[in-house]
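Chains here go by letter, A, B, C, D, E and F, matching the order in which they are written, and residues are numbered from 1 within each.
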């Protein structure tokens, strides 16, 4: 039983959902993971307008596309971040308001609660997203940063997210943090610290995305084996380290696609992620959810790349063994 | 002619200068690079009190120690940084004042000008230090960060430092930025962008410290060859990458010395820096200044490590060749 | 002319031969390498019952499957091994008898002679299998083990197998030892020592299986080039080294499929074997026999894996060159 | 828009052009890159006989094959080389004449001018080829070789090729040197030195072939980025380094195909060239020309290999991105 | 405070203890780790003869040599092993007796209890040694070996050693197993399984010897960090992997010193052990015991090698840091 | 018994022998390997003037310097090479004469015979040197070069050197070819081919110099093990590969010391040669001759480097083991 393969719509927000669903249907995708920005999935409308949700399903059904999760990276980012001008461009006016940092953070926290409610109404069990972090900027310890400074960041996260997660619990929805630099958890150690901060809240887990581990030189398989019961969703995204003694792994404040960067995102299957190993690990922990392609590659046309990625992951998503080999050696008389 | 080897006093600020000079003299160092914090070198006293400078020299001479440079990382850091509580702990009250960010930045900028004046009065030609950066925290582009956002950081740097560098020029003193994450320049690409931002101001260059390149996977030799006329001073400091598939190169907000970090500083000679290659590159560009050991290793006693490092770099600082080998093959009849 | 691709039936003994032949026929295999356990090929019945052999061929022909070799790993293992309880489970009662070690060894030696006779009657020229070893357990020399101790193991092998090989010679059948830890030969050095022990008996050679060399860090190509005239049969099986500093290459007495092992078998094409290099080497020595997939991967469904492996090896089994390239450069006027 | 894929005919000179065109047409190639030896493209006949060129096109059109470049490696090699007996076998009698070295070189230089004229007449804009070199044999500096000795080689090249390149300029044809050991340029440094020697003549550039960089351990992508406006044509050819501590990278004067060589050519896709990286680099510089497979693999049948290589390069030649990803994150309200 | 460095006398049993003590004293060792074979330390005499122990101390004191541990690898090996002829050569006649396997095992178990008593009487707190294993020979699972088979080996170990460890407990002596292939524990996983089998008996731990991990590709540092409170003693021994594609990591039943082996022991400092990392790990866990050189290198004279190893480990055994570096940055005004 | 360490005088020909002997004596060398160019050892004078040889020994004895070999690379090079202007600069006028290539080659062949005679008269048993090669320039097969072309080069070598080697045989002197690119043998394969060409003449062997194998990626230890009875002399010289994706291993016709080269010579101990492995191999074959430092490093002062190299090789030249370790385990009762 192969897992369903969906496409995350975040990088296709310039297309209408119908245009996109027509494409993915033709390419053979099983469904879509809807981004809560642009008009692919609008939390406020879903809650206000009883017909909104049905209309979405009608459209998806028209193209034979399923949906298992919605994603809200942009709003999530603004819940714990120190807010600056860049955040204005990723929020709708109703959330940005006057831009006062604390006000922005609180409005986004409320929006996140509503997102859980909208997911329930829409009928999906998983919301993926970011959390932001008040201590990310303290990476590379100068001025000297003590563990007390870092601890404050995790307390801030717990304070802001615990009430949100209670709503998720009430609604029976899980939040999957996409572990990622700039977030409260960006590797194995900080993911553990994050879970500790919220006493392993049962509705908080991870949207596993191996592409964010590659440039940190973390083997993504370790993450799966470390948190087997917290893998709520999986992104199929790839990245590639391209160091040559001049490129920095920190990438020099250069845009994606610039060959002087030390690493970059590439179409799934063309990077350093070992998909065979990841499928085995997912088989091991019994993950049965979708494999959702998040397609991003600054050097390739996306209409070339998305079907290529689909074919790649389908050929990798093999069925686990159900036969014990040694049994076959036993004499049966 | 071997280069003089000095010890940077920053990590020894808990000792009086005399205690430290007695140690380094006994170990066989040629001199000290004085940190402008603690009481090793106090800019304000040097400018106010005509006897201060002489007293310092008397003390140094008593122990046969030379001085080629002073260093002011802490004040420099506060010139471009977004200021938060952590900066309070690295500044004296007279510079912190009420802690208003812009006020702190401007007081530190003035202090930096004074540092150039104090260096001149003290009789050294180089001031090493940090610059801070308003855009460092925008590492790892989320929220989405355009090149226009980054450009603003370099303009801010140019606006704040150009007047400072003019004072350096008047005083005939050079500023050597220690290229380092958290600073305006942290690799080859950003060092070039920094020089561009200030139109290659002649008094701005680098305190070359290879330990900050190792964990970025940059070959430090490339840096020397890229900026041959801007290597104003050299730190002998080492670091080691210790990745095992679980450790992140970003080091998980863990303290130095924690084995779960992806990299760490180690006593010079025990890390990944290839000192032989660096000496050859310094020979190539004709660098004649001191080799200043910045000793930092959370797993080793510093009184064990500093003399070990001295012996290591002395054995590496060989004399370049003056004979063309092929010449010896020529028959001389 | 591509080589025929067969499937070794040993890991499919839970299926009847007909069920299996139906599968392999549908997948496009050329044939089967029959295991002499379960009911795929029964040596005693083949010799006793004149209709047995014909019935097997009828069944194979019904599905268009060829057969080039039969394999008898289990019986072979018991010829030289110190016998313990584990051997009971791999032998039929008629060979185990009362389990007295020497009796078991002698009954298995006679069965091996019969296997040669049955192969001749069945019309195949190659019997693959194991030999066992009385000295394998002396790996890692403690208690101290002298070469005299090891020599005894090779003498024991020669004494037990020389009469067997004479029967192979009479029948015109070749025995292909699958070089493998636990056998008298498990690498290049011990394969040479084995051949020396039996004076290079012409009917003794190897069933080349690269998967057993990978975790020993031997390049399988060296084996082919070392014994070009002794490659009697080829197994297409793959394995992967998965070391991370915690896993031992000795694999800690853990079952296959446990991710804490230092190596494991994987579906052919997904491991560390370089099939392109192996095909080139087989072309070089003129091997024309079958490529027999021995499929074993504890993390993948075998019905997914076997056809995948078939497609992989077919795409690799290219035709060698018959044109001298430089010739094309010569002007022909 | 995928680039056209052609086959270089040099290694197929034993076939008539029609035989070859029938094959490449059936395999799905877009066209051929004609070698100027054998009878695939004869410069003298093209200039003498007005019907010759038309007949070639008729034949190509019959099989739906295009042509974008012709290649003249053999004649080019003889322009700067010290001439010995080996050159006789690669030239037609009319160019070899009495074999006097300087006479051979001058006749080949004239032939090269004619090749530009014939290309123009035939209607293609690029001639690929070699240049030879009077200093190649001075590789590995013994007897001691000064830079003055090397400089003479580049002067000799400039003297012989400048008049030739003027003819190319008049005809509006570009010459693409296949950078290659034995030629005046064989790596990045010598390619730069070559361009300097002829003052960056606008009609001189490169037929980029990554297979010649692999065994020099040069990343071919650096070459493209170093000379973005000089990539006139691209060869798809692959090679593989096969060092094991005994094999020399210099390959011991052994023929291609001997496994004791330290490197060898292999069918494109089976070697060490990273085609994905090369396509990205070609996209970056805007190269729009053909990808011409030069197929050479001493261990594989060419009729197996050429279609395999075609499929490989087609699957790699993806379209670059035209969407800015960050744009998709922007809220549109 | 550097740790004392001792020499393990096992490989010097051909010398009298006095000859050896004279050597080690002259070389500058701090003491000896006495082997319980030959006449260096005789358990039976120590218990029988009240003057024996004092005479040993007089001799050691005469040469200024300390003693922190005794070692009994040979007797320990015979407690769990299947006994064969090789064991006869490593036991005195009084323990071998008639050679009946179970009798040998039980006599050796009693001797081990006496060794604890002798250690107490002699005044040392640690006995190092081996345990043997009834399941080691089942490495490489053929015939198929289930976890039930393996479990039996650990039960056998627990049954035989639990009474022994109770005697150790009564005597206040610790047993340090040298984790090693052929023993019940040979890597991290099996060391854990061993501790589990005896319910983490407080008197059972490890004589950490990194040389036995290197050829298993285990990072010895992981072992220290995994069992921080069970490192009872440390051996300084080194080994080197020497794979070239022909050598097997299993070493082909070849003697130490044969260059065709895949790995070999070498003089400490010349192998693949990273001593710097090990000293840091020992500092981290607070190990204060001796560093005991077990010198073995088939290619070097031991009188050359032992002092070399002493110098090496002394230069590596640095003092850990006691200063928090960031503290030095804090302004103290 | 440590081997004597000498310094090869070839790179010090600008000093008089007395100046050099005074240096090497002070540094602690055991002796000198005299170059037959400049005035260190003049073959013609040695044969003509009976006092010449005695005067050399008097001078060497005055400084306590021994001599085991003389070297004649320059004359040797001219015996098989195609002669061009570069050879003029390495020969004295009496050998260059009118520069006619064949005349030069024959005069040098006669000089080589005289060198054997002079070595005998001087009392040394080994002459080291080069041979030249008529086929070296045919490296990288273009124009296409058949094995017949290469064979001619080995025949030419055999024809020219067989008479020379007969003189060596008469004089009881051995010739040690320094295997090196530009010579008839430059790796393992060509060294074998060279020996075959002269029917393994007993007076022809090798001056083993590992530095010439490093950039060919050959493990020098393989060479020693391949030709155990042909290692007549050993050079201690080192080199380093410095590839970064831009540097070619062919080194771009750049001078030694240019950092853009792909490899370079460095002071022994600072390169990629594993001296420990080489000493073990020399111990294995029983080589008892000198270790002669050929010091060449374009980036280091030779007066710094030569003593450093001496200390390095002395610390590596350990004595092999004479004790069988297992013996020590045997119980002696």
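Criterion: contacts are C-beta pairs under 8 Å (C-beta built on N, C-alpha and C of every residue); 3 or more make two chains touch, one makes a residue touch a chain.
None of the values given here were measured: they were computed from a predicted structure.
Trainee: Fit subunit B onto subunit F over the CA trace and report the rotation angle, somewhere between 0 and 180 degrees, nearest 5.
Mentor: That pair's rotation angle lands at 120 degrees.
Trainee: Greatest Cα-centroid separation from subunit B: which chain?
Mentor: Chain centre farthest from subunit B's centre: C.
Trainee: Comparing B-E against A-F, which pair counts more contacting C-beta pairs?
Mentor: The greater number of contacts lies at B-E.
Trainee: How would you label the subunit E and subunit F contact, same or different, if same means the shared numbers make up over half of all numbers there?
Mentor: The interface of subunit E with subunit F is built from mostly unshared positions.
Trainee: Based on mean C-alpha positions, I'd like to know which chain lies farthest from subunit D.
Mentor: Taking each chain's C-alpha mean as its centre, the farthest from subunit D is E.
Trainee: Centroid of subunit C to centroid of subunit E, CA atoms only: how many Å?
Mentor: Result: the chain centres lie 40 Å from each other.
Trainee: Centre to centre, by mean C-alpha position, how many angstrom separate subunit C and subunit D?
Mentor: About 46 Å, centre to centre.
Trainee: What's the distance between the Cα centroids of subunit B and subunit C, rounded to whole Å?
Mentor: 63
Trainee: Could you list the positions in subunit A whose residues touch two or more of the other chains?
Mentor: 74, 89-90, 141, 143-144, 219, 244-245, 256, 329-330
Trainee: For a test of understanding, state which residues of subunit A touch subunit B in their complex under the given definition.
Mentor: 74, 77, 81, 85-87, 89-90, 130, 135-145, 147, 149-150, 180-182, 186-190, 215-219, 222, 243, 245-250, 252-256, 260, 262
Trainee: For subunit C, which residues are in contact with subunit A within the complex?
Mentor: 10-14, 37-38, 74, 89-93, 244, 256-257, 259, 266-267, 270, 296-305, 308
Trainee: If you look only at subunit A, which of its residues touch subunit F in the complex?
Mentor: So the residues of subunit A touching subunit F come out as 244-245.
Trainee: Flag every residue of subunit B that touches subunit F in the complex, lowest number first.
Mentor: 219, 221, 225, 276-277, 280-281, 283-284, 318-323, 325, 327-333
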